[in-house]
Structure formats: C-alpha cells, structure tokens
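Take a look at the structure set out below.
Each chain carries a letter (A, B, C, D, E, F and G) given by its place in the written order, and its residues are counted from 1.
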Amino acid sequence: MIAPREEFKSWQSGVAGNGSGNGSGNGSSYGAVRSSEAKLVKKTDDSLGGDLLEVAMGPHHPSTHGVFRMDVVLDGETVVKLKPVFGYLHRNHEKIGETNSYLAAIPYTDRLDYICSMTNNWAYVHTVEKLTGLQPPERAEYIRVIVAELTRLVNHTCLIGFLVQDMGALGTPLMYAFRERENIIDLFESLSGSRMMFNYMRFGGLRCDLPPGWIEQAKRVVANYSRFLDDYEALLSGNEILLARSQGVGVLKKDLAISAGVTGPMLRASGVNYDLRKVDQYGIYNRFQFRIPLGEHGDVFDRYMIRVLEMREAVKILDQALAQIPEGPINDPKAKLRGLRPKPGEVYGRIESPKGELGFYLITDGSPNPYRFRIRPPSLINLTILEDMCLGQSVADAVIILGSVDIVLGEVDR
Amino acid sequence: MEITPSENNSVMDEALRSELSKQGVFTTSLQELYNWGRKNSLWPLQFGLACCAIEMIAASMARFDISRFGAEVFRPSPRQADLMIVAGTVTKKMAPQVVRLYNQMPEPKYVIAMGACAISGGPFKQGYNVLKGIDRFLPVDVHIPGCPPRPEALLDALMALQKKIEQQSLTGVTRPRHLTEDARSEFPIPEFGEHDLVPSKNPELWFPPTPMKKP
Amino acid sequence: MQSLEQIKVRIEQAVPGACVVIVANDALPTQSSLLLDHRHAVDVARFLRDDPELCFDYASNVTGVDRPESIIKEKVRVKKMVDGAECLIEEVSERKTRAYLEAVYHLYSMKLKHGPLIIRLQTENREEKTHLPSLTPVWRSCEFQEREAFDLFGILFDGHPDLRRILMWDGFKDFPMRKDYVDPDDYEYEPTPHDEVLERAKQHYKPEVQS
Amino acid sequence: MLGSGLIKGLAQTAKNFFGSYHDPARMVTVEYPEQKRVVPEASRTIPFLVYDGEDPELGLRCTACKICEVECPTQCIYIVKNTSKKPDHVGKMQFHPATFDIDISVCMGCGICAEVCPFDSIKMDQVFELSTADRFESLLLHKQQLAKPNSYFGKIHPTEAGEIDIRREQDKRKAEAKAKADAEAKARAAAEVQNAAANSAAPPPSPQTVTPA
Amino acid sequence: MTPLSYYLIFSALLFSIGFAGAVTRRNAIVVLIGIELMLNAANINFIAFWRFGPNAEAMTGIMFVIFSIAIAAAEAAVGLALIIAIYRHCKTANVDKLDTLQG
Amino acid sequence: MTKLDQIFVSTKHWLVGLAPEMLQSLASILLSIIPIMAVFGGCFAVTTILERKGLGRIQNRFGPNRVGPFGFLQPMADGIKMLTKEDIVPFQSDKVMHFLAPIVLTVPIWLAFSVLPFGRNMVAVDFNAGILFFFAAGAASELAVFMAGWASQNKYSLMGAMRAMAQMISYEVPLVLSAIPVIMIAGSLSLPQIVEAQAGYGAGWFPQWHVFTPWGLAGFGLFLVAATAESNRSPFDLPEGESELIAGFLTEYSGFKYALFFLGEYLGLFAISGLAVTLFLGGWHAPLPILEWLPSWFWFFVKFASLIAAFIWVRGTMPRLRMDQLLNLSWKFLVPLAVLNLFVTAVWHFSSNWQSFGGLAARWLMCGGLLAAAYVLLGRSLSRGQGTPRKYTYAE
Amino acid sequence: MPSEIAFFTFAGLTLISAIAAMTMRNLVYCGLCSAAAFAGIAAIYLQLSAEFVGFAQFLVYVGAIAILIVFTVLLTRGTDIKPTVAIVSRGWIAGVVIAGLVFASISVPVFMSATLWRTAPPEVAAPVEMIGLELMTRYILPLEAIGLLLTVALIGAVVIAMREKPAESIEPEVTDLEENSTPAPRFDVSSLEVKS
C-alpha cells in the first residue's frame, strides 16, 4: 500500500536515545542532512585491550523513567563511565514560583513529584506556615499524616513495580501495584477531586474536610493493603532471579551516602538512621508508634526491602491515625485564602517525602510573591552518586540501580 | 475503479453503497479493511514525558486496560510504533528528540497530544524552557485537554482517533496525511540556539489564528 | 546545637584569619546565617564538617540567589535650616544596594541530628566577578546543586570537578533565574491574552492587530 | 532457594489468573465506553459558569469581578466586563461579563478559581471527554459553552450545590425581608413625613416604593 | 544421476578457491576461512568416493568426514582464539604485519 | 476410531491419488507443507491473541476483546497494519542483510517442522537423523539474529545481536545434551521412533513417557530452560530486553520485516515445544489408556498447547536475568547437570532389569537421588549465598 | 535429471559464495558468505545421500564455525574492514595463478579418467544406527582420540583467548572523605564549558 522508503534520508539514523539531546556538538542542523558517518563504534584506547562502546541511554529510553539520559561508556557490558544528563523536564518551577502568588504555587508543587503530590503540598505549606506562624488545627494535622502515609504507600508500591519492570518482568508486578494504587487514588479523588494533582493543602489547614464515609473506606483500603503486601512479597521477595539481580548490586557505602546528601529510603538502606519524621518531628508524628527500618548492605535489594518494610510501618501509622482522628475545624482561623504577604525574611522548611528530604527555601520581600522560590529535590541529589554505584557493574545493573534510586523527573529537573 | 472523492465519502448511505458495489466494491472493501486494520492496531510508542505519562501508564493498567482496544503493545522502539502519545510537558531541551522520534516512526503514524502541557505548554507556558505546544513541530491528530487527563479521557481520545481513521479513504480529499502526494513523514528538527530553539516553530505546520484584542 | 555566635567564635579560633559575619533574618523562624569570606570558605566548611561538636556532615540545600542592584527609598527626617529656623523635614533619600550573587548552603548534621546552619557566600558583582569557592570537595551533595547554581545564576564555582550546564543545553548563553533575564521571544497565539502578551502580539501580528 | 521462590511467584500469578474469573477484587477492569465509573462528588476537571433559571445570559451569577482572572495560576481566564448592569439574585445591580473565555488547553483544573469566587459562580465541571482534533477553536470555551444551569451543578456536586442554594435562598429571603423592612420603614417614614406635612399642611410627595425583583 | 567427476571437479574448484584466498588475503580470519574451504573440498571427495565406491556399506568415507568435521571444529576454535589473542597483542589481524619474529 | 485418528493421513492419500501420476510426489510434498504452514501460521495468530489475553488475566485485566468476537480478530488487524506499514531501511544500514535477516530466520524454522510427528503416521519427512536435522535447522537462526543486529548499524541492535549469539550458543549445548538421554533410551534419532519408544502403559495405566523417569524429568526441565533461552523468551529475553536495549536486534525493524521476526520467534517456540512434547511427553500418545479413543493429533496439540501456556505463564511472572548470570546458569549449572543426566540415564538403562519392587525403588532412589543432590549442590554454588534471609534492624 | 539440476544449483551457489568469501572486503560479509558456502556443501552431502554427515556439517559449520568466525570479526573489528591495498596486486595475481595450476593439476586426471564418469549404484544408505555401531566398534580408537582432541582444543582455546591479565574490577571512585582532598575530575576537564 505504501511504497517502501528505500533510504531513510533522515537527519539521523539511530533509533531513539542515541541521538543528540544535549546539543553538545551533535545537534542536527535544521534542514541540513547530518553526516551519515557511522558513529556506531567509537574506538577509545584502553589498557584492557577491548573496545569501548559509547551509548547514550535516553532521553527516550524505556528504563529511564521518563526523560533522563545516561551517557554510558561500556567495555563489553561493563560500565566504565556514566554521565547523567538532566534538564529534559526542566519546567522552570522556581521561576514560575517567583512570579506567582503564594497560593498559586500550591498547584505547581503537585507537579513536582507527580506520584507524591500530597507530600509536596505538605512540604510547601509547612514551609509557608513556618514563615507566617500559622498553625493547622489538630484534625488537619491528622489528615495530613494520613494522606502523607497513603502517598508513601503509593510511591513505594509503584517504585517496586517499576524496579521489577526494569529487571524485565513483563509488567505484572507493576500492574498489581497500580491495581492497589487505584484504590488509594480513589480515596484521594473523593477527598480532593483530582486523581493526581490534588492541590489539597492550604496554609494553616486544608482545602476541604473529609467527605462522609471516607474514614471507613480508608480503613478498608489500609486493611487490604497489608494483605496485598503479603502477596506482593510472595511474588517478589523470594524470587531467585530478583535476588540474583539485586543483591550485591549498586552498593552504596554509609560515608559516601552521607557526604552525597542522599536521603530517604536510599540513605536508610545504607544503614544511616535519619528520618525527618523522627528527627524534626514535624506535624504530629511524635504521637504515633512506628519504627525506622535500616539496611545493612546498601545494595539494590536492601533498597527494595527497606521500602517494603517502610510500607508496613506506614500501614501501622495509618491504623493509628485513622483510629485517633478527632473532630474539629480544619483551618487556622487566622489563615486567609488570598493576598498572603509575609514580612521580609527567609525560611527553609523540609519534610520526609517518600523519596527523601523535600525542602523549600523561600526568601520573601514583603510582596505577594516570593523573592526566591527554591525547591530542594530529593531525587536529584540522590542521583549524585549514580555513577559511583554503577561503575564496574553491567549495563543491565545500571538500569536497575537507577530504578532503585527512585527518581521522578518532574522533581529532578523541576 | 476510479472513484471520485465525493462518492468515496466513507459516510455513505446504503443506497449509494449498493450502487457503488456494481463498479467499485473492491476498492471500497479494501479501503475498509485497511482502515479497520489500522484503527484496531494502534501500537503506541513507549514514551512518557511527565505527569501525564503516569496517567498513560494507568490507562494501560488493570483498571482502565487500554489493551481492550489492542493498544497495549507499547513498543520501546519508534520503528514499530504507530502512535505517539505525547504525554506531558515538552521542554525545549526535549523537543528535538521528540521530533526525531516522530521522524523515526514509519508511516502511517499518528500523534496524540495528551494534556495541557503537550497542547500548549499548559500551566508551564510561562517557563523559559517549555515548548508551547508540540503542534509547533508535529502534526497532531487528537488533543486531550486536562492536567492530567483522566485515563478514560485517553481512551476516549483513542476512540476519537479510531473514528478519524475509519472515516479516511484511500483517495480523494479524505485520504490520510501519509497518502497525499507531497506527504512529509519527516519534519525538520529544531536546533539548540543560544537563547531559544532555532527556529522556535515550524512555519509550514503552525498556523495560529490572530489573537483577539483586549479592549 | 550551639548558638550562631558561639559557632562564629569557634570558627574564628579554628581558622585563623577567617572573617565571619552573622546575617540576620527577620522572619518568624529566625534562621539567621553566617556569611563567609572566599579565601577561607573551604577551610571553614571543612571545620564545620569535621568538628566533633558541630559535625555538619550533610549539606542539604545549596542554592543561588540573585541580588540585582535595587534602589531603596528611605524617608528620613532631617533637621534643616529653613528660613533660618531649624525644623524637621521629611526627605526621601535613595540608597543603592550592592549588586551581587549569593550562594546559600543549608547544613545539617546526620550524626548529631541538629541543624540547620546556614552559610552564605557572596560574589563581588553580577557581571564578571562571579567566582566563588566550590564546597563540593567538602560535601559531595553540592556537586549537582552548584552546577545548577552555575547554570541558572551564572555563579562560577572554583574547584568544582565538573562545572557544566546541568538543566539547560550546553550552547545556552543566558542565566534564566536572574531577575533581569528576558524570555526568548517565542510568542505564540494565546486565546486569553493578558497585557504583556498583547504587547508581544503587536510585534508579531502587526497588520492584523492594527486592523 | 533453589527455585522455591520462583514457584511461589508462579503460584501468585496463577492465583491472580484464576481469581480474575471470579473475584471482583482481582478483576478490576472497568470497560470504559460501555461502563463508566461514578466519579466522586468532589471530582473536578475544568471550570464552568453557573446560571440560575432558564436563561444563561440573564441568570449568570458571574459579576465579572475578575478575581478568578487574577488568581488563576495559569492565566487561562479572560474576562471583559459589560458596560451595563443587571440585578443579581438579591436584586443588587451587578456588572456581568461581556466575554468570559477559558482556554482549556492551558487550564490545569486546580480549582482555585472556584475557591476564590465570592459569587458561587465559577465551579468545577466533571466532564473529561474533551478530546478534539481542532486545537484552536474547540479548546477555547466561550461564555456560551461555559454556562451551565444550576440544576446541572446540583446534579454533579449535590452537597455543595445544596448548601449554596440554601445560602442563596436565605440571602434572597433576607434581602427581601430587608427590602420589605426598608420599604415599610420608608413607608412609615413617609407616612410620618406625610403626617408631619399634613400637620404643617403642605402637599405630600407621592410615595414611591421600590419592590425588589 | 550425476557422475562422480562432477563432484571431483566441484571439489577441485572449491579447493583452488580456498587455496587462492588463503594465499592472497592478508587477514588471518579470511585465511582461516580459506583453509576451512580446502578442508571441505577434501570432505566432498571422501563422500563422493564413498557414494560411488564399490563397498559403500563399509562407510569409511563417512567416518572420515565425521572425524574431519570434528577436527575442523577444534581447529577453528583454536585458530580463532589465536587470532583474538594476536589481535589483542598486536592490534591487528593482518598476517603480513605480524613480523615481530623477523627481528 | 482409527478413521478419526488417520483422517488427515487418509485425506492426503486420497488427494494425492487424485493428482496425475507425474505430479504425485509434488502433490505429496505440497500436501505436507501447506497444512503445516496453515496450522502453525494459525497457531501463531491464535497464540499472540491468547498470550495477550492470558497475560491480561494474570494482570487482572481483560486483554484485547473488542476487535471481532472476543477480540479474536486482533491478530488479523495487527497483520493488516504490519503489512501496510512503511518499511524503513535505515540510512546507514546494510540494506541487503537488513532485508535477508528475517528470511534467514523464518525459513529454516519452517523446515524444522517437517520432522515433527504431529500424530500417528503424521510426519512430513521421516529422516532417520530427524533430531539432528531439527537442531541443524535451528542453528541458522543465530546467523539471522546476527545479521539483523549487524545490518541495522545501531548500538542497541549490535549489543542485542551479540547477546543473542552468546546466549544461543551457550544454550544450544544444554539443549542438545538434554536431548541425548532420550536418544540413548529410544535408540534412534528418528522422532517417530522416539515417540514409539514411549508407547504403552506401565501396570496398565501409567504412561511410559520419558518425563516420568528421574532422568526424563531432569532432562525435561533442562530442555525447557534451554528452550526458553533458545527462543528468547522471558526470563531469558535479554537480546531484546526492552529495559536495557530498547528492542535489541529488532530496534531498527519496522513493518512487515518486524512481523516476520515476530513470526519467526513464535515459530521457534512452537517448534521447540513440539520437540519437547515428542521427546519427553510421549508425543501423540494419550495419557491414559481409557483416553485412547481420542485421536493422536489431538493429544499432541493438547500437550503442545499446555507447554505454550506454561511459557506464557512464566513470561507473565519472572524478571529477567543478567547476561553474566545467564551464561553462568548455562555453563555452571545446566551443562554439568545435563552431563550428569547422561550418566544417570546410562545407570537407568543398565538397571532396566531391576523389576522387583525393591529393585525399582533402588533404581528410582539412586537415579533421583543423584540428580537431586547435584541439583542442590550446583544450585547452591550458583547462587553463592544469595537468598539467605537478611535481617533488618529498626530504629525507634 | 532433477538430481543434476539440484547439483548444479547447489554447487553453483557454493562456488559463488566461496569466491565471495575469499574476495569480499568486508569481513562480516566474508564470514556470512563462508556460512552460505558451508550450507551449500551440506546440501551436496544430502544430495549424495549422506544424510547424517550433511546435518552434522550444517550444525557444526553453520551453527558453530561460521558464528565463531563472525564473532571473531566483531572482536577484532577495525582491522581489515576497509583495506587500503588494492585487491589486484602482484601477490594476488601470483596466488591466483598458483591456484589455477593446482586446479589444473587436479582436474586433468579427472578428465582423463574414464571410470570417473560412471554414475552411482542406485541404493546406498548410511543409517544412523550403522554409523553409531561403527563408531563404537571399529572406530572406537579414533573416536576416543577425537574426544581427547576436542577437550584439549576447548581448553586451549579458552586459555589462549583469555585475557593476559584478569580484568581488574573497576572500583567505584569514592570521593575521599579525608582532609585536603579534592575529588579528581571525573570527566575530561578540557570539556568544561565555563562561560559567564
């Protein structure tokens, strides 16, 4: 039906990912035919006698969880150099935050780490509350803890799904993860009206109260969740292939993790006890009984397992919070919706998002919009040591190491 | 076998169809078969950009199950994909890559712009690194507004695309883009400039209307 | 954690010649900060990291801030002789602030679980003297964040192992997070035009808009 | 060990395979175009404008105050005030929009416009089947497309709409009562004036009471 | 039925081609291919003579070819391993350039 | 009964008889080839849709169900689309090889079907070295994969091709080694004779299939693992592992050529499943004597289908291995076990006259114990301490 | 007649591929053409009703040796893919002349001999059982020798192809936490693009 295109007279020939993205010298010119020189193999002199292969994985690559690129140099299948390239999803959150009002920045925080919108909301309103001295009432604090822990469940389940997907399981664990995610998303939707971009928290409180019957539904979901976790672990935790792929792979040492500012489950998998829920005791986390699981080896399997154990702890917190939640108002009476003008100064606020420390740094100058709006993304900083973890591993390992770091590009590039 | 465009309108009534069957039944049925095959086997490119990608994944998961339409075969290689779902914000740094991926797809190929960002830059259109709509560089078949659109909205768009394919003919004015004589299956890839993409739009594709005037 | 004054005294003892200034912060949480001088910044940072009582082993947040020249108008009552009589006159005095770029580091201690300690470094101006010492050798976590500050603000970190653009492409010339950055003119049709859009529309659609 | 984990995993998937035939918790697919999930009441997609009564032009609650235009984070709302005024539900004369456009190709559905609207005029819709091939015309919604009756609002957000209706009804009644009281007071005053005038034997002005619409 | 001489001529041709290649080409891999072709030419002769020979049930030709194939496999494995080792050492697989022993 | 059993054979004879004398041999060949191509081509279509539906069910969704009745026309739509899709030959690629590769892959696999016995007297060609022919035909696919990867001139393709070759060469060894015990016991390389060797029922009901012996079970397991790897199925789908190599050696293929690769891959799977049925699962024999009234080809296809289902099931469950682990599995686990299995088979063969109860038990224990011990030892050494439960501490 | 057609087809294909394998510039083509030649020879064996040998030839030569050759080409790539020397050189001419002489010296006796023009006895078969029995009885010693040879060759090939020094595992560069240490630049410093 269609005449075959004999020669693909294109500006490039390689498929996806090995094209230029960074524009550093290999950007194609508009309308001009790029040199058809085979850039298949770039020979580099190395002492080992083998030939090195330069591969650009990404920005369109199935394993990079979005638009991330790793410039990898391979010796056979072994990674000898890895250069992360960012910015393919740089959406100028900080610039937009500096031109918009304090209220208008809340929906933008939803879109930072778009799997954990609730905790992003919380981090931002937490920072502004620190700045303005607004104090959310008790019920609001409880609801915040509940939605944050539900978010943790969503994030960790999906992460494990993506991680096992990266190992090559045909999406089955991911499907199960999303099956359970949908239940929590339903909760969030009936609470805030949207499936992903909740825009739920407000300075000194919340946008709206729980709808009737929500607590019961949430209790049901949480009760099912530990059952689901058992199933999930039966599917994965003992799987020999998963063990072989993940144990001893991508080891991150304690000292390096601290120096590199790694936070969240990844840090705790390396054995560092640092969880802002315990350290800062923000919100009302001091009221709940829960423990911080710590890994020992700091490899991919520990990172997987820490997340499973954290989910089990999150279920515990949820059980307590859902049982204890009091009645009452959900907003600080001092809070007003529009026209927030904090007095000049600066503040840094942070919370433990599922991926690590999510901080906001605001400088105010008395105008209705912040002078400086800075987001401290856990995903980006956790990637600092990506190369250190991947060197000497095979390319397939690099993929799952990246998966185990748990990045969301919206947050990495902002 | 010659069928004039007016006759070859796919929304033809039964009487016309029976009349045609005397002379051109073969062409008509071939066309139907071709459209039927194309519309029921839309393999998307496994290609997520931002937030909407999560809803795209959700659409392929158990609750919404895009596979019912035969479209769950997310191909990681553009050579085997038919449908590019631009799911999320296209940044200027990413735009050349998106165009390149489109160029690498074989004809017939379709583009769905999913979400406000892909259509117009959406909430991020004020940003300096955000492309204000993928249709500046690529011909988009279906736009789905929303931020992000629900997975059902993606399914709805898929059905809209299927309907669009169904109404195309092999010849005449309703023929698809790739069967026109001067069809381009590749579009120029913008280059990174010192301040912006060069050029910032493809003038052959992008015909915005004049903006209204604020009194 | 020790108070900022104590830390300042200890730094000045430990790193001879270091000049540390406390920068006050009037906001509610009063997170005041320490301004360091360029020459001793790395030594001070190393001291902060290694001192067993401080042990700021974790640099959480590194960011740049743009401080362009601005004019602060102050109303001052000045005693002046008017018509031979002394009287108070309100006079507006204009004061120009110094233009500089700033790097702000938020330090915490994972070991002792305290913080934050905020340190900041300022460049001489915004145009050509935008060099600052890099603290990446002290804390690895500064690596990408300093690169980002370079990319978006144009702060040059001396001693950084890999100072390249991180978010924008390599050939990009501007520093978009600076306050005086002008967006590229990629104006497009906007159906809900606001004033600035209309200004641009005039350039792009001259005949249509005027007609 | 030695493959037992693999077998456990296989057992899990087998459980799900067979479960998908009888267990609704495992077969969760909703076959979209035929079956549709009931979206929760709070659900929101794009904004719309509420009007009371039958006529979208007359009953439009919007007063073109432009708060939403200012607060919208994405600046996707465009309002032009009409020069004339029309009475609102309590009878106060209000401006109304000559143009009210929302560019849903930009709107991110955050709902801030609905939150800040002091007139309960702009609310969040629940339609999501908006896909279109036409990027410029179909995605710019004008006042005509945006205006939807209050009954529709009551259908998609029953709780909220109920509260608003009650409040507006109260406002209206209060306004009526106030107007009545005002009228009575006026009448009384007029009567007093009249009396006084009568007492002073001056011809009284004819009383003019305005009844609110 | 094809006469025996056809096979013999064919095998002679094959042998000469392999020989010419082995002699003229410089790349060790091509030389090895040439040698394999010559070996195969011999094998064809064995099979042909077995097929046309007087006592075919003895199967000597077949046996010889089976062993020959096995040896060829071993030879190819060792030969190619040698080529890889030489390449790694001298960065070339060109036999002309391997003249280190000439001093 | 035999009428139904032999319906295809007698139909073929009848049809051949209709042809003129001169063309009878040609007709006979055609009548063997065409049904094989039709049946397995149909199998390909049905398997793709059933696989998608089955995976869907495993993942708690429906799978394709809107195209045609129950979605069964989905493969047809896919086929039409693929046929009409533009065929892109990359600018830098080697055009001849790019074109030849899918053909070189598909044709030999079709040939491999000619020696498989699908039922009683239903084999296209009865070579007396049939199994050797099968493996020889399978060997060509490696070259095809290499050609595809090399001709594409794409890094991912080349890496995929290298992986594919290393994998196929490594797994051909255990594949052949695990088939040799069957040849030893059956005493023939001819596949119909191997099926015949599994005829009859022990104690009147127990099928004498090879899989029901210790060496047979071990061999069957080894064969299946090696077959999965040979046909590039999950968890051994490294050559086209999409999370690492986009689509491996298929990255640059589009349209009909891609469809041919797809077809070739599935045909390879079918062929090797058919061989597994023939070698270990008793070919076309019924599992129980009372079920013998069902035709022999029915039983072949039942076993064949259940093997395919098992492959789909495994595909839906497991993540994939890494390259070095894959090769280790072959060389350090499968090959030694297969060699040991040869020895065990010899023991089994020479103890075949231990027919007393004690003798039988001793025979089973000895052979089974040897294999089990080797399995445990090799498995432990392969996993090297992985899988020991880890302890996690908690901080309050 | 059909057998002659088959013979000429296969022989022609084999010779063409053999010539191509010997003359092609691109080594990958050489390898693939040699595979085609080996396959053609296997077909000739089949035509000579040496079934077992034909299959074995295909399995070993196409399935193993050709693959090995191609693998080696890839591992030693960059050497001879685009040679600079012209294909027709003095050495080349000499080689072809010698090869022609070899061919002549073999083929002349073939053409001279009358007995070689005879056609085959009608039915000859080499059943696999017979081959097996022969291997295990009369040829047991050569078989053992071959087994030994293959083992030695296998080990030898592995030893030869092994890297001279075992590949050092690349230690991840950990940023030194010691004092006074600046992490070594991890990428080429010259590529730094510092512009203000």
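In this text, contacts are C-beta pairs under 8 Å (C-beta built on N, C-alpha and C of every residue); 3 or more make two chains touch, one makes a residue touch a chain.
Quantities reported herein were computed from a predicted structural model and do not represent experimental measurements.
Of all chain pairs, the one linked by the most C-beta contacts is E-G.
Chain centres here are means of the Cα atoms, and by that rule the chain farthest away from subunit E is D. The mean-CA centres of subunit B and subunit F are about 39 angstrom from one another, to the nearest whole unit.
Once the centre of each chain is set as its mean CA position, subunit E and subunit G turn out to be 9 Å apart.
Mean C-alpha positions place subunit B and subunit E at a centre distance of 57 Å.
Subunit G has its Cα centroid 49 Å from the Cα centroid of subunit B. Shared contact sites, meaning residues of subunit B that touch two or more other chains, fall at 34, 46, 61-63, 65, 68, 76-77, 79, 93, 104, 106-108, 120, 123, 126, 128-129, 133, 147, 150, 178, 185, 192, 208-209, 214. Within subunit E, the positions touching two or more other chains are listed as 88. Across the assembly, subunit F contributes 58-62, 83-88, 242, 246, 251-252, 255, 316-318, 383, 387 as residues in contact with two or more other chains. Of all residues in subunit F, only 55, 58-61, 83-93, 95, 153-156, 158-159, 234-235, 237-238, 241-244, 246, 251-252, 255, 315-325, 383, 386-387, 390-396 touch subunit A in the complex they form. Within the complex formed with subunit B, the subunit C residues making contact are 167-174, 176, 181, 183-186, 188-191, 193, 195, 197-198, 201, 205, 208-209.
Contact residues on subunit F toward subunit D in their complex (touch as defined above): 54, 57-62, 313-314, 316-318, 375-376, 379-380, 383, 387. Note for the complex: subunit B touches subunit F at residues 33-34, 36-41, 46, 61-62, 65, 67-70, 72, 75-77, 79-80, 82, 104, 106-108, 178, 185. Of all residues in subunit A, those touching subunit D in their complex are 100-101, 103-108, 110, 172, 176, 179, 182, 186, 189-194, 197, 199, 207-208, 211, 224, 231, 234-243, 337-338.
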